[in-house]
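Take this structure first; my questions come after.
Each chain gets a letter, A, B and C, in the order it is written, and its residues are counted from 1.
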Amino acid sequence: MSRTRILDLVKTQCRIFSLNFNPQRLRLGNKILRQRLRGPALSAWYPKKTVSFRDLQNTYKPLGLTTFDEAEDDREEAIQIAKLRGKGRPKKKRTAAESKSAKKKR
Amino acid sequence: MSKMASMFRPKKLDLSGFVNTRLIRDHNKRNAFEQTEPERQALRYMIRNTSLPQRVRAQAQLQLSQMHAYTRPTQIKNRCVASGTARAVFRDFRINRFQFRMQALAGELPGVKKASW
Amino acid sequence: MADPWVVVVESRGPAEGGQVSPHLSNPQKTHTKQTMRRQSLTMFANATRSLLGAGKHLRVPLSIRSLSSPSQLNAPETKAAPQANPTSAPEATATSERLGALGENARLPRSVQAVYLRPLRRKAEYGLPVCDLQLRSYSVENVEFFADFAIRAAYYLDLPVSGPVPLPRIVERWTVPRSNFVHKKSQENFERITLRRLIQIKDGNPQAVQAWLAFLRKHAFYGVGMKANVWEHESLDVSKSMDQSAPEIQKSLEPHLAQFGQRKDNSAGNNIFDILDSDRFAERKNV
């Protein structure tokens, strides 16, 4: 069979199956288009946000229902104790001058 | 506008479980990559396509290199979902080797048992 | 939910008065067996006969007659009956005797009897594979039980089955240091072994295969994963049948395709600048 006939055959084949007809083997970068997108798989690595206890609280409070979050209560109690012992968090410095003076004292 | 990483930061944290700064940063990079991936692929295609004019290809190269670093897939690093560690993270479980051991011993990983042969 | 014809059979062995035909498999083997019994019962709701009209659970020694030879049973029964429940109260003995007698006279439904035997199979006429179902699990009991269940379900759906074929196990091993930091000399090994079973359906009706898969999904068993490859076969004149079905498909697509394209009344004289300058567009742009 002649070369031209084979080329014709390949050309028709490419047309039917919507492939790239490239007899000169030029670098057309087609392999980039064939790659599948990796983004969705990559961005699903970390667990997405789910419903937290606070969300429940926010939904139930307008209905007049009370909720108890023991872990949160414990945390607040610990902060209170730390404050009473004088070990609470320092006051937020709002201006540049305040923060400077604090540094100087030290 | 300059290239600020903050533009990839969501207004509200959309993660649950263990969270630290580096983990959030990596998550932002993943999201940035997901959003810009078609654009990146298009530019990559133009760069590789030798049938396009040289000028177009050079421009595409420039554009690709000027995209924000966060949109680059090489910036993404698999971190442990349970502890945020970036080393010795199993892809199968998405956790660090030590977390793996603890969870396996606690029986939290289905089918994983202590082996001896 | 309550199915009145569910009969829980509990055989306590010959010492307590019940007897099992020797060639039947041991009916009090596992709890899982009972779950499955119920499944097969559900399929034969209309074909079952209840032993007790109202009794939902019949927890007495009951004899199960073999499918073929009821005469086999009589010999051990006469020996076992006098020793029945030597310690229990007389009332209980009376009840159990009464019910035991009932069990001898009444026969369990065939579909229930079949549960104690090896799964029945249809014979494949052509042997053309239609569906490959792979079951995966980390535990042998689960995968074995579910494979058995799948084969029984296929029998009642008139599907010829081959299998379960035990495929090679997938063994994954990991070695990790025991400590969270350095100390590489002390390590620990972990492994995960995935067990696989292959069930192949041969020359079944595609719809029956789909029904079978749906049934298995509905009654999916814990800790067992399923993966199915389904092949559909067409006759040689596919193109003809496709041509025949084409107008029907076109008709069903019409409401969807009607949403595409430009409205004829809209195209009159509007060019792009009119749209861009319009107030409505400007409003949108500012938002």
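Throughout what follows, a residue touches a chain if its C-beta (ideal position, glycine included) is under 8 Å from a C-beta of that chain, and two chains touch if they have at least 3 such contacts.
Per UniProt, the chains are A = Small ribosomal subunit protein mS33; B = Mitochondrial 40S ribosomal protein MRP2; C = Small ribosomal subunit protein uS10m.
Because the structure is predicted, anything quoted here is derived from the model rather than measured.
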Identity of the chain that, by mean CA position, is farthest from chain B: C
Top-ranked pair of chains - ranking by C-beta pairs in contact: A-B
Distance from chain C to chain A - Cα centre to Cα centre, in angstrom: 39
Where chain A and chain B are represented by their mean Cα positions, the distance between them in whole Å: 9
Interface residues, chain A side, partner chain B - complex: 26-29, 31-33, 35, 37-40, 42-43, 45-50, 52
Residue numbers on chain C that touch chain B, as the complex places them: 138, 172-174, 176-180, 188-194, 223
Residue numbers on chain B that touch chain A, as the complex places them: 13-17, 23, 26-27, 30-31, 33-35, 37-38, 41, 44-51, 73, 76, 78-79, 81, 94
Complex contacts: residues of chain B adjacent to chain C: 88, 90, 92, 97-98, 100-101, 104, 109-117
